[in-house]
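Okay, so chain A shows up in both of these, paired with chain B first and chain C after.
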Partner chain A sequence: MGNNSSLMLRDEEIDVISKETEFNRNQIVRLYSRFLSLDKKAQGFLEREDLLNVPELAVNPLGDRIVDAFFTLAGDEIDNEKRLNFRQFVRVLAFFQPVDRSKKNSLNGRRDKLKFAFIMYDLNKNGYITREEFKVILNSMVGANITTDQLDKIADRTIEEADVDHDGRISFEEFCKAMEKTDIEEKMSIRFLN
Partner chain B sequence: LQMVEFKWDEVEKIYIVALWLFAASISKLVFHNKSCTRFFPESSLLIIVGLVIGYFLVISNVDHHQFSLDWHSFFLYLLPPIIFDAGYFMPNRSFFQNWDSILVFAVVGTIFNTLTIGGSLLALSYSGLFTVPFNACEILLFSSLISAVDPVAVIAVFEEIQVNDFIFVNVFGEALFNDGVTVVLYELFKQFLEVDRIMPIDVAAGTGSFFLVAVGGLVVGLLFAVFVALLTKYSHGAIVLAPVFIFLVPYLGYLTAEALSLSPIIAIAVCGMAMKQYVKGNVTTTAANSVKYFTKILAQTSETAIFMFLGLSTLAFAHKWDTLFVVATVGFCILFRTVGVVAQCALLNRFRGKKFTKVDQFILSYGGLRGAIAYGLAVSMPDSIAAKQMFVTTTIAVIFFTVFLQGSTIRPLVNYLEIELKKDRKITMAESVYSKYSDYIISGIEDIAGQKGHSSLVHDFERFNNRVLCPLLMRDHARTPNFDATKIVRAYAKIIMDEALVETSAPSRKGSRKSGAHPALGHCSCPSTDNDDHLPDCTRRGVNMDMLYAAFSKMLDDKMDALRQELKNCGSSVGADQDIFDDYMEQLKHAPSLKTLHHPALSATRSDAAMRHHAAFAARSVSRHDSRRCRTEGGLAHIATPAGLEL
Partner chain C sequence: STIAASAMLLQFVVGLASLFYLPFIFSIVLLVIFLSATGLTLGIRKRIAHLLIAIFEWGSDVSESEEQVSESVGETREETAEEQPAPIRKRHSSSDLRIIKREHSELIDSKLLGQDVLKKKSTVSVLVDDSLDFISAGIESIIEDNVTSRFSAEQLPSWNLLSRTKYTFMHISPKLTILWILGFYFRYLILVPIRVCLFCVGMASMVFITSAVGYVPNKAVKKWLNRRAMLTSMRIFSRSFSSIVNFHDRHNRATQGGICVANHTSPMDVMILSCDNCYAMVGQKQGGILGFIQKSLSKAEHHIWFERSEAKDRMAVSNRMREHVEDPTKLPIIIFPEGTCINNTSVMMFKKGSFEISETIYPVAMKYDSRLGDAFWNSSKQSYGEYMWMMMTSWAITADVWYLPPMTRMEGEDSIAFARRVKKAIAKAGGLVDLEWDGALKREKVSNKLIALQQKLYFERLSTRTSMCSEITDDSIDILKNMSEDDRNQLFKCLDEADDDNAVIRKVSEFIPEVAALVTEAVKAEE
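Right after this comes the complex of A and B.
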């Protein structure tokens, strides 16, 4: 369902997606037209290049990591190429909905938002962030502005702060613990337009 | 021939001014004692002092013109430092996150309040219960000045209770920017008084002038901010000059805006907010600190003086007390403010991520304090208005009511409602990195989802800032397409510094890793000693003292290298001018004129001497700072920050 190149979005699909992700109808339709505009080759699914072609993403220092995270979280691997259909596209975006405390939402809770951030750090997807991985991320964000020495020091310091069991790397639990005082719900939320 | 003369007349005026400031400051010193301020905010205590002094003066038949504040001087001399201080120290990030609500409160809220309060009082006046009659224009003039929330009063009260940034920035932002609206409405109604009939074109002109005044003030503020930034960028030859510009130029902006009938308050506030980033990058740390302190000094003095004079002027004025009018005004003010806030929040909450809770709304409506600006405007009403005396008296009554009653009850209310207070906890490295990091993620997601959200706008501005504004306005700023790392680096430096200070103030624990109890509980001067977080933090870093001293000497070496480098690059004159020397003898020794005489061979020794002096100065500051709390200021920051960093 929705996996093949069906370019029209059927009502039942909208309902299913709506139930799954708590987006309302208008939001889903809007996202669908966005999906179509990203899918330039009209294949019915998105590939990495499609997302990387978004112009603003090119100047975002974390651009390719974000795209990577998208595909890790929800993509299918077919012929060694990661593909993202519309339903998966919306599922990932659903992570960023504002947390509505009254609704028991499964997709955009605090842990899920943190999961997205964690996946972006964790380059080799082994479930741990090592010092080197963190340095890579920090470097892409900060890069030219500070010396390697300072970069090392900052990376070391950050890892040390969060590394509770002193194994030299950060697990997802440690990551959550380090972030517990941060206002994740607010920082990692987007108001999706109707 | 007289040996000693008593030259009172020559110094009389200025002596009195100085005496008042002195009296005000002494009172403030006395009130800093916590037991006094437990019940009443400082501002109300100052008013009481003013009242007391005024009473004595009145009894002793002193001409009240001697001590009543000329409201002209109030607007030109006393108000600007406070607003500048507010703008300079405004938490910019919180401000921009809430700009929508601030704008709505400032504009819609003020207009709503003006119309409703004025309308209600007018309706009530038809019943003929008020002693002095007034017409629609006059009452609208009055209601326009009474509905404005006063920034001075808000700062005075909220600064003491230290609520979280979110509430503070909303109340305060509103107080600051509603001046634009108030000024327009006030002038508008003042002009309408002269005119017999009000045509629709006049109303349209009024609306147009609102935009002109507010936006004009904004533009003036930004322009002068750019001036200051450029001036500080090119003034690094004379270090002492930069702070002068930092104060003078915004003040010029204030006066310019006032001269052009734009909003001077908005101008100087915007100027302060905009220039901070660039100015901080252009001046030395010491200069930045002195700017910080001096701004605070000026602002505090002005604030103190204002409240005291408010008390004094109460007695200097011939009052007309109309109980019903006063009660009605106070009642309507409270009522319509609450209604207004609730309605606006309901509207805003539909569009905002961070919603206003009921408690937030309560504090917002309760924090609508009136202050000296309203009084100033009331007193400068045209005398042709028959009800002027009644208006002024009522204004004073409202101000007293808000400052005394609301000001004193707000602290217990805040505690009772368990409003989140400003968190003073130390930010971890992970958090400051994450803060930046999440901005990027959200911006990217917004781009993918195809919507221009708040984050992407901020992101766009940051890129513009880095690419265009910073190189233009800041000295030595590398053109960086990526973001400005200084925040993260600063956070890192700050954390290291705080820890280092903790270590040095704790008694030496040789190699004790994770000792059970905190060894220096009594002695550790960390501000958050009774916080649970402190314990694991301090014990985790159970490094022995030798390592610490090694780290410190390494940092000192780094700094010396950096200084040497700087001296080599900029020539020795910069090194010598880095500090203001302790006395004139020292200054003469390093005077630039001597430099022109020196031999190239001597230049090495000269720069070494300068460096040694600088290092000695810095070293002295270290010992001074050891005994202080875990804060990084002044000299210690110089020592331990690696090259190129500024805290």
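Right after this comes the complex of A and C.
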């Protein structure tokens, strides 16, 4: 690709990241190559805009929310702008590795994956998903195609189904319980090649 | 005195070399001019190309085996199935270089197109389920996507001894470094001077001969002379970049006017196509040297040059092109409907403008082999001058051109569908990926229309596959709310997650007479 940037990845860094995230050397090098191509202005870190420049993410109804969750989980805030360096980038991606049941201390267990989804739903990051927050998600997915009435009804139904302690909002525990029957390991795992 | 003797010897050798250097360069130039004028070829470029490719593959084997050695020395972890040294794989194309398998993105695509199998489920569970899939598909597209990769040069299977394609973290062994130095000197000291001479000769011949031809009164002779002049000049040009072009299916060439469309990779596309056939060019009027060239070309043949202001008026543009196309004495026009240079691994959306002018289109597919030199022009990273210099200092430009049989618009087909059909044929012939994404995404953001379209597709999925919009269910919700807690719990015990709408309605009706009344009303309304 002719990327003669001075942001070289040193071997020690690769080893540290490899131990932390269970990616092998080859995968980290490929992800670094991807990081560089997303970082068009060659700043050494990614901003929200860099991720949203990917057209397939921009047309994803939850694209905005996904980028938000990404930066919440791992970014630094500098000058009111969220930034993501390579190590943080790989850390978040590590959540989506397939689950290896033999390894207990991994980053990609069921709860960790659910954490990503929960953070995506929880807009104001106060640890609870409220009816209003769910409505925003729903709105992103269907746009102006449904009436506010239908929107309300669906949001109500959803919150009611999962709200065990009837406090009108969903905590992380309630969220995990509601997702009991869903095969999270399969739904939120990305198969890395080699 | 030995030092003095060796210094003298060196001076002698250098002097001898420079004595022969200029004549050597000039004789090659003359040979090339002769070959271009007569349309013959000695096949030298092809042989050198094979030799170079063999050297590159040897070089990559050498560096891969050295990498294996250094990796196994640094290995400290326990042996698992993955950690065994992988057999040395020969990678033949850039499509082998994927990071992930994009299962979730494909799943989302099939869901939005209504192609997946869905048992009737409640709206809520489908929504939550799908949102998880959207998340995974989004993360997949962050890791690897189909579009942004098309706007940068494709990855090579093995290093081709050009520093511009070296990865920053690639191990370069001493053997390869020596090869690189030799290659460097060969390219810059021998190839570049020859190429620069040829380029100037080609430019001069094109401009002056076409101006001269412009004065010939007889139309038929003028046409014949222009053809010979253009073909010769273009062949000199193509040799000045050491291009090796294979033309396929030449019987499908456009000979009597019409429109040719092709996929766009570099500014040299026109030059390569013009080696085999004469085309009328279309473009904006430039000032300076380019403008001078445009004027000279126009003296011998009809080309279409637009003023800047005219170019914005789409009606004027299509009218002028239509006039040209309908005149059988004029040359065929060459157009690139993608509108921008793409890196030659895919074909992106064709703009419909060119497909509205004529009913018949002559498609041409071009595929470059980037192993000896990547012809893709990344206009956001390189200026035109830089690009030309890169081309002059590469090994060679290798291209395959397929002339496809002419395609006509089918009855009732609109321009967009016609464009899509032609694009598909070109992608198939060239072995390129057929994408619907707009090449303008190189510089622009995704338009809101696309986002709204995705939302609409998702809404349609929800409304057809779940009970979201049925009125009966909405009213039943109200009724359920008004029931007492005990009654409600009893009702839910009867219902099953796997029940479809009809079963739910039936069970609820049995429980609550008001719902039964609603049902009969609705049935009557439908009749």
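In this text, the second predicted complex is superposed on the first by the 184 of 194 C-alpha atoms of A that agree within 3 Å, B and C clash if a C-alpha of one lies under 4 Å from a C-alpha of the other, contacts with A are read in each partner's own complex, and residues count from 1 in each chain.
Here, a residue touches a chain if its C-beta (ideal position, glycine included) is under 8 Å from a C-beta of that chain, and two chains touch if they have at least 3 such contacts.
Remember, it's a predicted structure, so these values are computed and weren't measured experimentally.
Touch criterion met: A:Phe96 reaches chain B and chain C at once.
With both structures placed on the common chain, the touch criterion links A:Asn126 to neither chain B nor chain C.
In the overlay built on the shared chain, the residue A:Asn53 is in contact with chain C alone; chain B does not reach it. When the two structures are aligned on the shared chain, A:Asn24 is found in touch with chain C, with no touch to chain B.
Legend: residue contacts after superposition of the two complexes on their common chain; A:Gln43 is shown touching neither chain B nor chain C.
Set against each other, chain B and chain C differ in how many residues of chain A they touch, and the higher count belongs to C. With the contact threshold set out at the top, residues 31, 34, 37-38, 51, 54, 56-57, 59-63, 66, 70, 93, 96, 116-117, 120, 137-138, 141-146, 150, 153-154, 157-158, 161, 178-179, 182, 184, 187-193 of chain A are in contact with chain B in one structure and with chain C in the other. Taken in their complex, chain A has these residues touching chain C: 1-5, 8-9, 24-25, 27, 29-34, 37-38, 51-63, 66, 70, 93, 96, 116-117, 120, 137-138, 140-146, 150, 153-154, 157-158, 161, 178-179, 182, 184, 187-194.
Residues 351-354, 425, 428-431, 433-451, 453, 455-456, 459, 463, 478, 480-486, 488-489, 492, 495-496, 642 of chain B touch chain A in their complex.
Per the touch definition, chain C reaches chain A in the complex via residues 71, 82, 86, 97-101, 103-105, 123-124, 127-149, 152-153, 155, 163-169, 437, 441, 445-446, 450-456, 458-459, 462, 468-469, 474, 477. The touching residues of chain A, counted against chain B in their complex, run 31, 34, 37-38, 51, 54, 56-57, 59-63, 66, 70, 93, 96, 98, 116-117, 120, 137-138, 141-146, 150, 153-154, 157-158, 161-162, 178-179, 181-182, 184, 186-193.
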